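Next come two complexes, and both contain chain A; in the first it sits with chain B, in the second with chain C.
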Partner chain A sequence: MKTEKQITKTPTSKKEITIAIAGNPNAGKTTLFNVLTGLRQKIANYPGVTVERKEGIWKLEGESLQLIDLPGLYSLDVTSLDEQIACDVLTGKVPNLPQPDAVIAVVDATNLERNLYLVTQILEFRIPVVVALTMMDSAEKQSLQIDAKKMSELLQVPVIPVIASQKQGIQELSSAVMKAAKTETLPHIPWLADSEYILEDDEIHLSLSDDAAANKKIFARYNFISEVYQESVKQLNTVERNVSEKIDGFLTHKFFGLIILVGILLLVFQTIFSWASLPMDLLENAFGALGDFVRTTLPEGMLNDLIVDGIIAGVGGVLVFLPQILLLFLFLSILEDTGYMARAAFLLDKLMSRFGLHGKAFLPLLSSFACAIPGIMATRTIENPKDRLATIMIAPFMSCSARLPVYSLMIATFFAGQSFFGFISVGAVLMLAMYAFGVLTAIIAAFIMKRTILKSPPPPFVMELPPYRLPNLRTVFQNMLTRAGLFLKRAGTVILAISIILWAITYFPRTANTEVLMANDANGNPPSVEEIQKANEDFRQSEQIKNSYAGRIGHVIEPVIQPLGFDWKIGVALIASFAAREVLVSTLSIIYNVGKDENEESETLISAIKDAKKEDGTPVWTPLTALTLMVFFVLAMQCMSTVAVVRRETNSWAWTLFMVGYMTILAYIAAFLTYQGGKFLGFG
Partner chain B sequence: METQTIIAAIIILAALLYVGSMLLKRVKSFSPKKACGNECGCEAKTKN
Partner chain C sequence: MNLAKLSIGKEAKVIKINGNSAITRRLMEMGVIPGVSIKVIKTAPFGDPIEVRVRGYSLAMRRNEAETIEVSE
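Presenting the complex of A and B:
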């Protein structure tokens, strides 16, 4: 290796020492930061951007050091916002943040070559570096023998093996960092110690063109890293690595990989649609029993109605999805923890990138078939903000379980018993078509967004395949509990408040009680008291809805929804369904005088829908109206909880409103084309 | 007025206030703050 002249840094008069922690994602950076700072942390954002800025105080040898946790990054090539921020911090360009006196480079011992690339780049900033070698236990399990002393000699910086969780090596690391921060000698960068490189004012330049210089630098770094690796690392047993590579070859195989993936997906679907049904039924029954209990225990009155029909029905309707959320995060955590998620993402990255989507968008989109909320939350695994935003923007197009009751009701009313070629059920084909329509629209929307408002370079085809591990049960359950806690908190705040308001607009103003006159039946028998009471109650509910604020709004929007073939009653149900999609079924039940408790496949609701007439005597519903409503439901953004989650995850009302706006407009146009096109073709 | 009506009215009012305050908070987050430190985005222009 060539050497270069020794340079000293200009002594500074400042008192406080600043240390930055840098490293690849998942290298153990945050664990080390937490151990060094304890609870003395402050989390904020870097100026003007949403990149998290984490700072802490590190008490060391009687001094208080300022510790900055840089965003996790693979290089300092400034292709992402994270890399830009890291470069700015290292060069002292961030306002009110001094340039670090030293950098702790956290290096994952199981991925040395990739991690050391970042180290060489940091050293090129001429800042003293101390390497903290993490994951030594995992490296040992992979039969990697690392000679830290030798590595230190070659890199010409201290290399300290640490196990942060057990506080091993922290003392040695502390001494090395303090020494490095106070040294006046700038680090060596032997891989650039070539006559082609010129050192001016501590900056390294090349006497070549920009592209050639960049390539030369990259090769020089990798050659150096390769040399360091070969000299300081020994692979004792290659059997385990070979087994892992063989499994990888199978799981990421173009054909078998996909078969395995489909199998796993089927299991996930099975879990969501089937396994969760029992606890969901139990929860539903529990909320029903609670409602009955309150209804019979409390005296009749407004509070009784509010608690039963507003709070218990509203919040309970959302809480029944808790088992789905728990199971989904159980699966997500297990897939992530075992290392399979990375393989699935690797497999699909190429396919998804054709439409501008990141491979990691796959699992959030899959999750959205159960519920868009966990799906959107799962986009946190996508590092690139634009890729993540594109995935969030299209996730609600996946047909979630809340749409199922609507599809089921429409299909059971107008398409039951019909078949293609005598054996293919029209209902099944329609159901599949609705799911496929959502997916297709999502792909087209992503394609357009990634080429316009969310334009960013194609995601790099670089993916870390972590070693296979048994899932850590504690981590998995902790993750599930955290998600459950967040979900319950939301149900108890935002959803509760919205349910109360929604109930109030269907409850007020109150309609005066009127009596229904009932004729004798065909045999001349007068109606029973129960029949009269039921008729009165149905009439009162229907009049109540018609004259309520929600009913009035329904009449106001009727001209807008008329081109879609919908009347004001469907309008009221549509308004109610903007709180939660499945509310459409119970709202239609009330409107068509069959009571709230009828389920969507009830013959009475089905016949009520079939028999509903407009004022001119023509039927309100036709198979085309049903199809139009289904198309509208595939595309419209009708879930307040999803809107709330999108707001939280994007940290932007603008993006949230954009999503609601473009989805609703798209839904309207598609429904309009379906209805008017159908009418034109004679299906109306 | 019945006790049930009064309690229900208070609950509805509380829900409206909660949603209103939430919306207000979001609306406020759109407008730039007059005086703030470097952690809230004010000095974004100086970054480079």
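Presenting the complex of A and C:
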């Protein structure tokens, strides 16, 4: 090997020290970052892209260091967005982010060669590196004896064994980093000089086609690493199959593997649905109580209505999803950190790739049956941006829990008690058909998008299957809380704005109070004061909706939705249910005069819907109208929270609007075909 | 012969990696370079992808990627 001349870097005058943490995925980078920064961290996106930018403050020797957590990387060769961002950070190209003074390279001791590859690349950026050697306990169990001192001499960088969860080695790491950040000597990169001399020989061919120089460098780096490895690591005795391989024998077994996968997914799915329902009810009641409290405490008037009906009801309606989101991210973190997620992708890749999706898309799509919001947030595990976008674009087709009240109301009103052949309930068949219809549309949409607008060569499925490990609970909970915080902060602002707008268009302009004249009942008794008040209130509310901007919009869009068999009242409900799908039920209740506290099983709402007449006296609703409305709800993007989250996750209004547009158009076409086709066949 | 044809449990030495440069590059960065020994561990339930062991860790790849890797036993 050649030694290079000592080159000194230009002394910097800035005060704040910036340190980047880099490492392979699963090397223990996040745990170390959390230990170093505690809760002093913030997450944002890099400008213009969806790659997460994680920064924290590291208190060290009385100084505050800026710590940047780079995305998990295998290399810096700029073939993925993560690698591009990492290169930009290391070269100081990211605005408002100084070039790091030193890099902590997190290296998994059980997987040294591939982990050291990234280290050689970082050194090529001429930035001082300190290697933090993690997973030393696992290495010991595998009878690997690692001589950190020898390795440090060969690499010419400090190599510090750390056990982050027990804070071992943190002190040594800190002083080494401080020293490295202030050093003025540039790192040695002897292997690059060697790469110039590598030639093809007969036994070992390098792929010298188009990227000859780059491939030579890869070869030279690994050659250097092999030398370091052989001199500093000893395999004491050959171990047979370790625990990880034994577990893997079951979990990726040709037959049991799939059964276990289905079992785990059912458990996750079931838990998100059932465990979350109690805290969700509590939250819903809490917001109801808060609304009542504010309603009675504040003086009556517009402000009162705005806060109660607009802000508390609107934002509260979205915040009730928080328990589902927390639980889903708890499971995602555990599945990811134990190493199972990679196995799930391994098991399902073949199946998913037939539809043009990546194996990793499976879990986000499954989660979307509970709610598309956590599902879309879960697509972050898919690295390829186009694959991730395709998954986001189809996730809302999975029938979420908010569609259930709509399906239930329609089925209870028009199909209750009916059956095929006397024992198969029509309602159950319809319900299942709606779910299946959503899935089928999603598959077709993914298939088409991956061949047109999201066309990309099939992404290489070259994926590490990391060893099974117990997850670090602190990392899991911190991850869960961070996600929840992001959901509350970013989606909350957009949701607040839309809630206020929706409230305003049903509230303005105000309709003057009118009195209703009520006849005596069948026995000749006059109506009670309460009955008169209730009738007045119901009448006022329905007049208010009819004359409000929302009501007027309902009338305006009536010609558009008439071919679907919908009148302006359903139009208003469609507009209002953009806040959340289940709002359809409460809006229909208001419009049909039955008071706000109805739910989907309420008898009066069902009879009110059945009794509603058009101006010519024919009923507004037929079983066909109900079916059409259900079909519309399967496909339409009727959920402002999802829109807000898609905007956040794609970082693009264009994709968000495209999604709303194509889903609405599809929903319209499907509803049109259902209604007109049904009429042609003589139904309705 | 190529890696996709290597039977389960067999170990072989990588000779050459053919094919499109992005995938070739990715494989090489993951440590699959000429001269390294590689072992097929298993195939996924639907026959694809496959799991191999290289440089002491497990790597999954699709069959069409494995086909670009030439090995000799």
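Operating definition for what follows: the second predicted complex is superposed on the first by the 433 of 684 C-alpha atoms of A that agree within 3 Å, B and C clash if a C-alpha of one lies under 4 Å from a C-alpha of the other, contacts with A are read in each partner's own complex, and residues count from 1 in each chain.
Just so we're on the same page, a residue touches a chain if its C-beta (ideal position, glycine included) is under 8 Å from a C-beta of that chain, and two chains touch if they have at least 3 such contacts.
All values derive from a computational prediction rather than experimental measurement.
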First, second, both or neither for A:117, with chain B first and chain C second: second
Partner chain in contact with A:74 - chain B first, chain C second, else both or neither: second
Chain B versus chain C as contact partner of A:474, first or second or both or neither: neither
Chain B versus chain C as contact partner of A:465, first or second or both or neither: second
Most chain A residues touched (candidates chain B, chain C): C
First (chain B), second (chain C), both or neither touched by A:258: second
Touched partner set for A:95, first chain B, second chain C, both or neither: first
Chain A positions touched by chain B in one structure and by chain C in the second: none
Footprint of chain A on chain B - complex, ascending: 2-5, 7-8, 11-12, 15-16, 18-19, 22, 26-27, 29-30, 37-48
Chain A - residues contacting chain B, complex: 44-49, 53, 88, 93-96, 298-299, 301-306, 493-494, 496-498, 500-501, 504, 647, 653
Sites on chain C touched by chain A in the complex: 15-18, 21-31, 33-36, 42, 44-49, 51, 55-62, 65
Of chain A, residues touching chain C in the complex: 74-75, 77, 79, 110-114, 117, 204-207, 209-211, 214-215, 218-219, 222, 248, 252, 254-255, 257-258, 342, 346-347, 349-351, 460-467
